[in-house]
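Read through the structures below before going on.
Two complexes follow with chain A in common, the first pairing it with chain B and the second with chain C.
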Partner chain A sequence: MTKRTFLAAPLLALLTAGLHAAPADEAMSRLRGAVNEVLGIATKASSKSTLAVSVTPVLRKHISFETMTRRAVGPGWNSFKPDEKAKATQLFSSLVVRTYANKFTPGEQPRVDYKTATSPAAGRVDVPTTLLYQGSRYSVTYRMEQAGGWLITDVVIEGVSMIANYRSQLDSVFKKGGAPAVLTSLQQSVSKQS
Partner chain B sequence: MKHSSLELLTGLFAALGIAAVAWLTLKLGAGTLVSGDTMVIEARFDNAGGLSAGGSVLISGVPVGRVEAIRVDPADFSAIVSLRVKSDLKLSSDTMASIKTTGLIGDKFIALSPGAEEVFLKAGDRIIDTESSVDLESLIGKMAFGSVDKTAEPESEKPSAPLP
Partner chain C sequence: MNPKPLLLALTASALASCAVTKAPTAAASAAKSKSGAPKAVLNDAAAKTDELDDYGTGTTVSDPLEKVNRATFWVNDGLYTVLFRPLAKGYEKAFPKFLRTGIDNVFDNAKYPVRVVNCVLQGKFDRAGHETKKFALNTFAGVGGLVRISDKVVDTADIPAEDSGQTFGVWGIPHGPYIVLPLIGPSSARDFVGLAGDYAMNPANYGLYFHDKNGNHDWMYIPPSANTLRSMPGQMKTYDELRKDAVDPYLAVRDAYIQQRNEAVKK
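Moving on to the complex of A and B:
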């Protein structure tokens, strides 16, 4: 009996080690695919507005905008009506896409270096990367969660989380005027970007 | 007789002073003392630089707990911070923890911002959506001196030769 457990222990350790290594690799390859796909589109785009349009369907495939919006709104989200939730998700996703498309200069190719991915909890992987763009280096960490496949749920740029940044803003808007105020402010930000 | 009562009074006054100093030291050393039932939750940061045990934990600027301990996770060298917070707080599982600074160069504290999930954190749970201390010095350095890669460029900037 003791001999058997003695033999089983290293086997079990090996097996669990394999299980631990897998999600990080899986998420990493998914992210590489997504980044390459987006860059492929970005190099072909002639202007910022066409980039925003052509890149949206690809981003929807890799980013969980529903999760992002829920987290960005924060505690107020549960008092949103279903149609308000849908509207907020749609506005927030176009806000994110347009904000980042505006930062992009057509024809400039960024270089992305991937570092070792870590898995801080089950179903969660952080992929730290360094982005070299127009001569500047940025540290960008992608937070990914498993929901069917691996989806991006947050982007941390130079230590500042996108979700935390929006949450602090949207939460104070919500405290002032509830769901309608959040929708109005999102609407305003989207039209300012276009 | 009168002489000794004066001495007694002075002694009493001195003892009171020492007690006051001791109380103040304890109070300041332990940070804001949290009253009532508490629980310990953990938060995982890439960098907990400047944060120390006893630091405050705030939600919307209101103290709700304090930093109990900071340790390094031997597995991936991240910083694990134990937070003692009031146990009647219903913190959603997607609560975010950020290390912030009071003023520009003041003390570091942890700001919690609750999320939207209806599953709540229990004692011993870990917050993984965190923002580490923003390294202000390195950001200023980048702004002031530019990145390393940029300094190599100016020569070729004017002709703007297309990259191969």
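Moving on to the complex of A and C:
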């Protein structure tokens, strides 16, 4: 091995490590900002309904609802017409916002510990966290993807992926009745009293 | 040993051995769909909505007893409304938060044999050591487990809780068919056997093994009943959160249960 390659090897390794670390750092930084914004709102909110209203614009900024809806519906998505896709995304977004907002009790401040982020595929970063809330400890992993900026595409709580869970339900509905059945089911769920 | 848990274990073991069939593939389940339904999903690539989509078809466990399971699910759902939820609310009203936390801690600490035995059976000896340290800390420094001192110590703060169902999973035994148990709720043939093992090992149930000669052993029901009651608020909260925003509550609970158990086996 020449002196030049001897020096170049570790330098290259450092550079490559830097390149790999960058997306994870970017995603982590974006997530921290999003979580801090949400927690700030949750702490100040006086009730669950006001919390849901205040948190909606923040979630819309940090979550890719189109990706979430497409994957929650599953393979059937490709046969949806454009207006059906738009309607499904709108309904599913409402459901996600409500599901997420309901997990917080207004006024209570959870503690979030961030662990080392991983990048299982190009354009994807998983950020594992531990949430200490009301005396209990929960493992929460945020799946983030690059879509003109890092956006949240799934939340995995105690090993349960929200998107996989909806997929198991909506894929089954689609197989029975296609896009109209999916839209009806989503509409019914959104209309249910929380 | 009380013969009931043993009988339970043997019955479930027989069920598990009959149930090694894998979950139906996407193609198979799509082929079964009613006429007029969309085209069948033919392969894994077709199950993707984009390059990063790795969610598969959503079918995670075989459910040959779905009709019976769904019926049991809705009976349970009704019982939770008329019985469990009011009991949980009553318990929360009667006992202040700090006391409920203390009671939870005592029962959780007492469950140490379940966790440590399963750590050993899975070959996780370091974890068994941490569990033992956690038990010693909470029992002696935490006044019989009332205070969870272990939360303040790095290597005992966040130990994944092992149980018999997970041990079977680590040994490579599949779930078998999904089962909804009356009152208890979601399970699988494998986890049902595991549940019997955990029940037998949990000191809260040890009283059930003793009978005095006069047949007067009502006291033995107190610890297991208290354990059931104190766990109700948390279980109802988890169930309600899943059910509330579900499109199909039965599928939502089934999928969440299987995902959570699969993840627990990996930890």
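The definition used in the following text is that the second predicted complex is superposed on the first by the 182 of 194 C-alpha atoms of A that agree within 3 Å, B and C clash if a C-alpha of one lies under 4 Å from a C-alpha of the other, contacts with A are read in each partner's own complex, and residues count from 1 in each chain.
Everything that follows uses one rule, which is that a residue touches a chain if its C-beta (ideal position, glycine included) is under 8 Å from a C-beta of that chain, and two chains touch if they have at least 3 such contacts.
These figures come from a predicted structure and were not determined experimentally.
Aligning the two structures on chain A places chain B and chain C in clashing positions. When the shared chain is aligned, chain B and chain C each come close enough to touch A:Glu158.
Of the two partner chains placed by the overlay, neither chain B nor chain C lies in contact with A:Gly149. Using the contact criterion defined above for the overlaid structures, shared-chain residue A:Pro180 touches neither chain B nor chain C, since it reaches no partner. Contacts of A:Pro75 after superposition on the shared chain: both chain B and chain C are touched.
In the superposed model, A:Gly33 lies in contact with neither chain B nor chain C. After overlaying the two complexes on the shared chain, residue contacts for A:Arg167 are found with chain B and with chain C alike.
More residues of chain A are touched by C (comparison of chain B with chain C).
Once chain A of one complex is fitted onto chain A of the other, the partner contacts of A:Thr118 are limited to chain B, with no touch recorded for chain C. Once chain A of one complex is fitted onto chain A of the other, the partner contacts of A:Asn102 are limited to chain C, with no touch recorded for chain B.
Chain B runs into chain C after superposition on chain A, and of the options 135-143, 171-179, 225-233 or 243-251 the stretch responsible is 171-179. Counting contacts by the rule stated earlier, residues 70-71, 73-78, 121, 124, 135, 137, 158-161, 163-164, 167-168, 171 of chain A appear in both its interface with chain B and its interface with chain C.
If you check the complex, the residues on chain A that touch chain C are 67, 70-71, 73-79, 95, 98-99, 102-103, 121, 123-124, 130, 135, 137, 145, 158-161, 163-178, 185-186, 188-189, 192, 194. Taken in their complex, chain A has these residues touching chain B: 70-71, 73-78, 109, 118, 120-121, 124, 132, 135-137, 143, 154, 156, 158-161, 163-164, 167-168, 171. Here chain B touches chain A in the complex through residues 44, 46-47, 76, 78, 92, 94, 96, 98, 113-116, 118, 126, 128-129, 131-135, 139, 142, 146-150, 153, 163, going by the rule given at the top. By the touch criterion stated above, chain C contacts chain A in their complex at residues 26, 29-30, 33-34, 37-39, 41, 46-50, 52-53, 55, 57-60, 101, 151, 157-158, 241, 244-248, 251-252, 254-256, 259-260, 262-264.
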